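Read through the structure below, which is laid out as C-alpha cells, and then see the notes.
Chain nomenclature is as follows: A, B and C, assigned in order of appearance, with residue numbering initiated at 1 for each chain independently.
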Amino acid sequence: MERKIYIRILKDRLFKIFIILFSFLSTLPLFFILFHLIKNGISSLSFEFLFNLPKPVGEKGGGIANAIVGTFILILVSSFLSIPIGVSAGIYLSENKNKKLSNVVSMLVDILQGVPSIVLGIIAYLWVVRPMGRFSALSGGVALAIMMLPVIIKSTEETINLIPESLKEASLSLGVPYYKTFLLVILPAGLSGVLTGILLGISRIAGETAPLLFTAFGNPYMNLNIFKPIESLPHLIYNYAKSPFPEWHQKAWAASFILILIVFTLNILSKLVVKRWKVRF
Amino acid sequence: MKGRKRYRWKAKLSEKMKRLLAKVGMGLMLFLPFVAMAEEIELLGAGATFPYPLYTKMFDVYYKTTGVKVNYQSIGSGGGQRQLINRTVDFGGSDAFMKDEQLKEAPGEILHIPICLGAVVPTYNLPGNPKLKFTPEILSGIFLGKINKWNDEKISKINPDVDLPDMAIIVVHRSDGSGTTFIWTDYLSKISNEWKEKVGAGTSVNWPAGIGGKGNEGVAGLVRQIPGSIGYVELIYAIQNNLPTGLVMNKSGKFVEPSIETVSYSANVQLPDDMRISITDTESKDGYPISGFTWILVYKEQNYGGRKKERAEALVKLLWWMTHEGQKYTKPLHYAPLPPLSVEKAEKLIRSITYNGKPLLK
Amino acid sequence: MHGLKRELTLEIVFKKVLSLSAIFIIVLILSIFLTLIFNSLPSLKAFGLKFFYGKTWDPVFNKFGALPFLVGTILTSFLALIISLPFSFSISIFLGEYFREGRISSFLKSLIELLAGIPSIIYGFWGLFVLAPLMRIVQMKLGFTPYGVGILTASIILSIMIIPYSASIGREVIELVPSEIKEAAYSLGATKSEVIRKIILPYASSGIISGIILSLGRALGETMAVTMVIGNSNVLPKNIFSPSNTMASVIANEFAEATGDLYLSALVEIGLFLFLVTFVVNLVGRYIIKRYTAV
C-alpha cells in the first residue's frame, strides 16, 4: 500500500517539475532572439543609423530613417481606415447581441482574423495598386487596415460588453440621446479597453511584411506622400536579410532591434493604459 | 425667433462653425504635405536583381546631379516584366528579353534598351576554394541532377590538379522569376538537348534538383553558407562575396575566365535593331559563353494611363544618361559597359520613344 | 423643435453608421472571396481538380500543379503543432492550475505575450541566421545534405510562433473547470497531477482541441517566417530535411513576378484555397469552443 502511494506522489512531483520545466523552456526562444538582436544589432546603432537614408550597396554608412518613418506613416494610414469602422462595428455587435446580423458578422470577424496576410496582400494589390496604376503607401495601409479590423472590433465589443447596462440606462433616462450616450459616456468609460485594442492591432501590423511586398513596395528615399511607394522596417529587414552583403545583414539585425523595441513599447503602453485609465465598476 | 433665443442660436452657430473650421483646418494641414510632395517627379522601376548594385549607384549619382529620384526595387526580371505590363512602374529591368507572346499581351509596344553586360558565373563552396574548370556537359549534368558528387570522374578529368572531395553537390537556383536564370537556362538549352526538352529556358523553370534562393542575393548567400553547394549568380555578386568562380569552356573550346573583357568579347556578334538577342554560347572566340545583356523595358508610346509629359521626358533623359555618362560606373562594379555598336542601337531606340506620337528627344 | 429634429436625425444617422459598419464586414469578406475566385478563373478552367494533385509546377511550359505546396503546408503545420503541444500544454496547466495568480503567473504571462508579439519577419530572420546554421551542423552529422533550410527548420520556427495561441485558449478552458469536480477528486485522495490528468484535461478537452485547431489555422497562414527558412523548392519534399514550399510561401516568392496570366491566376487560386482552408479551420475551432462554453 505504502509503495503505491509513494509511486503516485513521485509521479505527482515529476509531473509538476515537467510542467514548470516545459513552461519556462518555451520562453527560451524569446531570450535567444533578444540576445542575438542585441548582440548583433547594437554595434550598428548610431545617430547616423537612425536618421540617415540608405546608401548604395558597397558604400559605408547609411541608415534606415526612411523605413522608420515609413512604418509610422503606414500605421497612421491603416489606423485612419480601420479605427472608425472597427469601433463602430464593435459597438454594433455589443449592442445588438441577439440579432442574426450580429451572429453572422461575429463569425466573419473571426474568419477575417484568420486570413493569411499574404492573401490580403494579393487583395490590396488587385483592389488598389492595379486600378491606381502605381504602388503606394495607401495600398499597404489598406491591407494593414483589413488586418487591424478584427482586433479592434473584438476588443471594442468586449470592452463595451463589460460596461454595465446601468450606466447606459442612467444616461438615457436623463434624456441624453443614444448617440451622445455612446460618444460622451460609454466610450470614454471604456476608453482603456478600446485603446488597448488599437495598440494591440498596431503592434500586430507594425511587424507585417507579406502584405507590403506588392503594395507599399519599398523606397530608398524618404517619402511622406501616401500615393507613392514607401519603405517600412519589416520590408527593409526582409530585403537586407536575403542579400549577400554582410554590411546589410548587420543593418538588418539593428533594424530588427528597433522594430522589436517599437512593438514591445506598444505592448507595455497598452498595459499602462489599462492600469491608469481603466474604469472599474 | 424671439430676441434672446435668436442670440443664443446665433452664438451656438458661430461656436459650431468655429469648431468645424478648426477641424477642417487640421485635416487640411495633415494632407498638405502629402499634396505638396505630389509634384516632385519620382521615377519607379522594378525588376532584375543582377544590375541592382549598378543601378543603386547610378541612381544615387543621378539624384545628386539632377535631383530626380529613381526608386528601383529588385524583385526579379519576371517581376519587372509583369509590373511593366500592369503599368504599375515607369520602367522594368530585365536580364531576359520578352518573348513574342509576352509582347503581344502588353497593352503597348515595349522597347528593350540595353544598359550593360554581365556574366552569369558558376560559383561554389568547396574547402580550399579551388579554381575549377567546367565543360557544358558537366554544368548540364550537375543541374539536371545527374552528376551528384564533386569527385565524379567527369569533373576530375577536366580538373586533374584539384583534390576534389567526396562531397554531395547541392544545387542552388533561383526561387523567383529571374533574367539571370533565363541567361543560365538559355545557355544550358543551347548546349544540352536533354535540358532543352526536360526543362527549357525561362525566367522561372521547373528545376530538376536543388533549393531556391531569392534573388542573386539569396543564391550567393546560400552558396556562401552551404558546403558543397553550387549556384549561378551574376559575376558582381560572386566578387562582392569573395566566392570562387569557375572557368567555362566556350564554343571554340577555350576555358574562359569570366571577366569584363571576356564578356565584352561575347557581344562582338551581329546585333538586331530591337536588341532582343541572347549572346550565350557565343561564336566569339574569346568570349565568355554565359553572358547577357540587361535591359530597361519601357513603352514606346509614353502617353498611357494618364502619364504626364514631364514624367516621360524625365524617363527618356534618365535612359540617355544611363547609356552614356552612366556607363563610367559599370567597370568599377565589375559590369561590362556597352560596346559602341550597342550604344548606337540604344540611342536609336531611345530616340524612338514618343509622347502622343512625337519623339521626346530632340 | 429645431433642436429635437436635429437630434432625431443624428440618432438615426448614428444607428445607421453602426449597422453599416457591421454590414461592411460582410461586404468585405464577400468581396475578398469573389475577387479571389474571379482572378483564379483562368487557372480553374485550365486545370480543374488536377490542380490539387498535379506535382509539377512549371512556369515555362505553363503546367501548374499545387501538390508540392499542399504537402509542404500540411507537413510544416502538423509538425509545428506536434512540436508545440508539450509546451503549450505545460503553459496552460501551469497558468491554469499551479500558478493561477501572483507574480510568477504574471511573469510567465508577460513572457508569453512578448513571444506572441515578436513580428514574423524577425522570427524568419533569426531562423535564417541562427537556426539554419545549427540545423546544417545537425544535418552534416546525420549524413543528410546540409541545406540548413527546409521543412524541419520551418516547423520549429512555426511551433515557437503558435505556442502562445493554444496556450492561452488552453489556460482559459482549464480555469473554467468547476471546482466541485476537482474538490470531489481531491477529497477521494487524488494527487494534483492525477486530478489534472484524469479530471481536468478530459473535461476541458474540447476547449483544448479547439485551441489546437486555432493554432493550426495560424500555422497554415504564416508567411514570412516560413518563406525565409523553407528552402523554396517547388518539388515534392523527400524527407523532413528537404527544402520545400508552402502555399503561402510560394505566393510570396512568385506573385510579383508571375509573367503570364495563367501563372498569375494559378497563384491566386492557391491564395483562394488557402483562404478557404483557414476559413474552415477557424470555423471548426470556434464552433467547438462555443459548444464547450455553452455547456
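We adopt the following convention: a contact is a pair of C-beta atoms (placed from the backbone, for glycine too) under 8 Å apart; a residue touches a chain by one contact, two chains touch by 3 or more.
Since this is a predicted model, take the numbers as computed values, not measurements.
Chain contacts in this assembly form a complete graph, since each chain touches every other chain. Of the two chain pairs examined here, A-B and A-C, it is A-C that is joined by more C-beta pairs in contact.
Between chain A and chain B the centroid-to-centroid distance comes to 34 Å (mean Cα coordinates, whole Å).
Centre-to-centre separation between chain A and chain C, using Cα means, comes to 16 Å. Multi-chain contact residues of chain A (touching two or more other chains): 242.
Shown for chain C are the residues that touch two or more other chains, namely 256. Residue positions of chain B touching 2 or more other chains, listed in rising order: 46, 213-214, 218. The touching residues of chain B, counted against chain C in their complex, run 46, 75-83, 85, 102, 105, 168, 170, 175-177, 199-207, 210-214, 218, 222, 225-228.
On the side of chain A, the complex with chain C involves touching residues 8-9, 11-12, 15-16, 18-27, 29-30, 32-33, 36-37, 84-86, 88-89, 91-93, 95-96, 101-102, 104-105, 107-123, 125-127, 146, 149, 153, 177-179, 182, 203, 206-210, 213-214, 234, 237-238, 241-242, 249, 252-253, 256, 259-260, 263-264, 267. By the touch criterion given at the top, residues 33-34, 37-38, 42, 44, 46, 52-53, 56-57, 59-60, 63, 69, 71-73, 86-89, 213-218, 220-221, 224, 237, 240-241, 305-306, 333 of chain B touch chain A in their complex. Those residues of chain A lying in contact with chain B across their complex are 55-58, 129-130, 133-135, 217-221, 223-229, 242-245.
Here chain C touches chain B in the complex through residues 56-61, 132-133, 136, 140, 145-149, 231-235, 243, 245, 253-254, 256-261, 263-264, going by the rule given at the top.
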